[in-house]
């Protein structure tokens, strides 16, 4: 596989260069990583996991990865704090023969062992398609985006555009950009509700955004409208509670576990694909029950991710 | 004539006037803005900033600045459900514990500033960093939802059509205005803010008042945290972040000197309303994120020109 | 200890400025030694280059912040200015302007934005903290319009020159510090201290206080924008939000270095040391294997400790 | 003496602040080789006038002339270029910069755009020698005592090689020794043909140094005449405009009461191992050159800086007060010398300053009693003749009135021990007399007054006993007839050995 040079032996030292460990999604992701590492330790493949937290600062993340290179770890698993800021330090690591697996927020450079992600464009496109079918291709919608200047939020929005163009009956009244959080989303949506008496659907491109939107509708006494979203537990619970017409997908937290697994596989000499495209799990009326049934195992402000196991990982890596 | 002129030199009054002006103009030009429900909602949002800025006002009046406000709000919102025992049907125990924690954090800020002589900005910045560490442990750990009835009531109830949050803000405002203008301690804060050395030599205890002001700031940040938890029904990491800069901005827009020693909470109140109003205006404008950001900055600057002049020193 | 020889005056004044910084120097030295023990590779050219490259942006923004704080101001627009610098660099270098044109554009943008903010603060008598807060939204917005998502282009050779395996960044830092020293040795430069400490007195002494303030803001803007340029080179592209964390970090580093808020108090060397401490601390904690929780707690403790310990020692000495 | 052309002139200048006229058509002309005195009570507008003359302020009307030519907008830099230098009343120094840099500020010698430190060193060395500043030139001004800073301020003015030198109360914080140096300097400059303008509330200095006087009163010139043939009393008459009595109130037979302060082995700051005692009804002076520990002694007794004593009994309590709050509770109050930085909260109103120490006392049930506070403020303003609206910022008051506020705020506490640090610094003669009367009255009411002063005549005429400090130790304790200017200055400088040590 890419970057791997022959002289590294198990058990390996794995570095997990987190961009920001405080958000719950990250905490849960880290949970899957440490769980996976425990498994791999039992198998004698991993000896140590080094975790860093760049506190949201891409510059600090560069420094951390540099330190991991200096410490000569065998593998680095990373969520990029900026889609291209890390390119140079990561290719340095690759040159040193370190297995680099990048997931969720991706870097530009191809000098990595593997990139693992769902397809953000598809995320947006599928959500938009669902909205079109819900509204019969006609109606006024509001689009809720994540923060500006971030690739993920930009990609999801871009993915939706062709669908919107193909359905001119669907009129985008306005858009918002907020942090992926409930309170700012609720705030923004409330203002929009007052300004727009007619809203037929909310094309929300993030989980907490959807919850904020639903809460805003509820508190202003407006009838709920079809809303897209993600697997945020709060949103799923609201969905059930309010009987929403909804659709959700997810960025599975186990991408973290998969990344560690992939890195170790690559170090073990397996040929892993340079890009692992993880299909987007979909939550709809038929599956929501099974997700909510497991809700208790997840934090209240967390994300209910789909099940995963080694079989699934091997299948994904085989492609 | 003279009273009118002095009123126009009075920053709180000017800020208030500005709010009224913005509301009137926006109501006539923007659909939905002037609706009673909308204005009430703006006030509700302003309440959170206003309460968080209550402590911030005191700290700034005394010449410091509290950078831990956001973190304290988050910590309170995250911890409250954990400390709301099932046997307490009122939910008041949880609130008391959460407030005690927030107040304790404030006290620790004060102790650092008073005994270790760490400048408040550094002490509170370090405290915010500590609290982040705490959140790494606590957040995502266990499955908790807000079932605390008192908190939900605070976030959702509308006695006589007035949201409980606004009522809480009213109470806080009266308390702070009393404290600043009608209680000896307020005058001491102001004196310390304007000239700590002279105040100390006049028998004002630096230690005691520093402890007090930071403790109060912690308490009010905690109160804001509870309110914001009630309004969102769920705490999450980062819920308090927006309130750090807004609490400072509200204080300064209200005409309080960032250097301390001069100002009043009476200005912070319209300052907070002004901030949420501006944010709401920007939200309904359909523009690209970049342009929205530019508009927001320009509006703040324009408002500042009217209300926030630093007097010649 | 009388500065008897005229050539010594400058030197001995400079020496005196170290006063009160001994504690910080010690702490920083201890961390550096600890780091070198944990990672001897730092002593190689490559290791040293990488370490200084990662420190360089923080050092520069800390200078940008300290410059204003010494003058009695402060800026919350550092982060967006860094982003804007990076964005301008990444969008201009490809075009007709080329690299020199790009560098010039970044520098001019930084200088002029700083000067405008300075003029607003000085001539309209508005508090710097909130003017720069408003400015941060405007500047951030402009960066987003210029480059809505990370991208753009930086020639590879520029990245390799500035952020390759050679200590160019360190040399640049030394050059910038030398320029700063030279600036401080001009009447205008010393005016920054004078106008920060006692504006009325400085004015009566014939220091053009308002011009000094505007110049301070302009230079601060220049430094921040150049930081953006470096960050763009280091990362090989522009990112419209990359600078955000620099705002608070620059303040933390400056205050850690003993720069006060009321103007005139502190030194640039202290501020630089503060930034070095913040930077080396990250590496040391990594090599000590601190988990994230401990990283946060240790960071808080070091920040408080670096300020409190010298203070407590001084108090203890005074009581003896 | 041939008729000389004025180097610097003001003609019919007007200037007001926020609508209050301060100068209403003032003329003044400074001639080369003449020391010109500018007199007037606190707030008469003297500092304002020199700010106009030096470009720090612009006149509302009238004109400033340099060598007969009217100047338009006149900045401090222009004034320097025209050879005008000012020793400001409010120090214009930058604490963190060195002596040399402070002296050169605004007038640096340059080479290639950089400050020429070599030339600066020479220039500054020369002027510092002239004013007797022996401190190393690289020392930060923050490390200097107030009096030394004042000398730096003088050096700074000299460094500009002025043809016109304006001195605004230069001696208010100088010791007798330093004042002597300054006086000789002024004479030298005068003989070299410099035009000098001298402002002081110490009329003996004016009499000794000046040959011409302009008196300001209520914004107009009430006298502009030669000083030849005018004696001290005539000078006072000129200034006050009427016959006046003695400056110092008559001394009453001292009737010392109970012991109020008794310390042994007392150390605080630079003060080492000092012992003395003082009784109710006494005025005890603390003398010495500037910066010999007078301030630390008072601050230590006040609990404001860490202090220790082998035995201490202060205001009926054994042991030193632990902090200011304890001291206040025991009836000990302190009036600092540096009223701008230590005595008053300058941006706040007169009223808030006056009630600050009594806030707690006046409050009932936790809330402030506005009525009682207003009553108190009105009463204090009346008693101390503080004129005008008490809602004004205290920084808009003249020096003398500020000093009254700094003293008055303590009266509601009914203090039993008053620690006063140079309370008449920069205060005009009328106010001085009022303050002296007050001190006497305090003593007569059975309070103890500890008076540290740099004004030796004050110590001589007011005090029952004088403790002279030198390098943090007691150099002499003088009482009754022993208290003479000579004895105090001698002991302060370590020349004469008077009755040593033994605490009275």
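We call the chains A, B, C and D, going by the order they appear; numbering starts again at 1 in every chain.
Note that in this section a residue touches a chain if its C-beta (ideal position, glycine included) is under 8 Å from a C-beta of that chain, and two chains touch if they have at least 3 such contacts.
Just so it is clear, the model here is predicted, and its values are computed rather than measured.
Chain centres computed from CA atoms place A at the largest separation from chain D. The mean-CA centres of chain B and chain C are about 30 angstrom from one another, to the nearest whole unit.
Averaging Cα coordinates per chain places chain A and chain C 34 Å apart.
One simple way to say how far apart two chains are is to compare their mean CA positions; for chain A and chain D this gives 70 Å. Chain contacts: chain C has residues 143-144, 148, 292, 295-296 touching two or more partner chains. Those residues of chain B in touch with two or more other chains are numbered 132, 136, 288-290, 292-293, 313. Chains that are in contact with each other form these pairs: A-B, A-C, B-C, B-D, C-D.
Across the complex, chain C is touched by residues 51, 54, 56, 75-77, 79-80, 86, 88, 90-98, 100-101, 105-108, 110, 113-115, 117-118, 120-122, 134, 136-140, 156, 306 of chain D. Here chain B touches chain A in the complex through residues 30-33, 35, 37-38, 41, 45, 81, 132, 135-136, 139-146, 156, 228, 231-239, 241-242, 279-280, 283-284, 286, 288-290, 292-293, going by the rule given at the top.
Per the touch definition, chain C reaches chain D in the complex via residues 1-3, 6-7, 9-10, 12-13, 15-16, 19, 182, 185-187, 190-191, 193-194, 197-198, 200-208, 264-266, 318-319.
Against chain B, the residues of chain C that register as touching in their complex are 76, 120, 124-127, 129-131, 133-145, 148, 199, 248, 251-252, 255-256, 260-262, 292-297, 299-301, 303-304, 307-308, 311-312, 315.
Residue ranges of chain D in contact with chain B, taken from their complex: 302, 304, 323-325, 327-328, 334, 336, 341-348, 352, 355-357, 359-360, 362-363, 366-368, 409.
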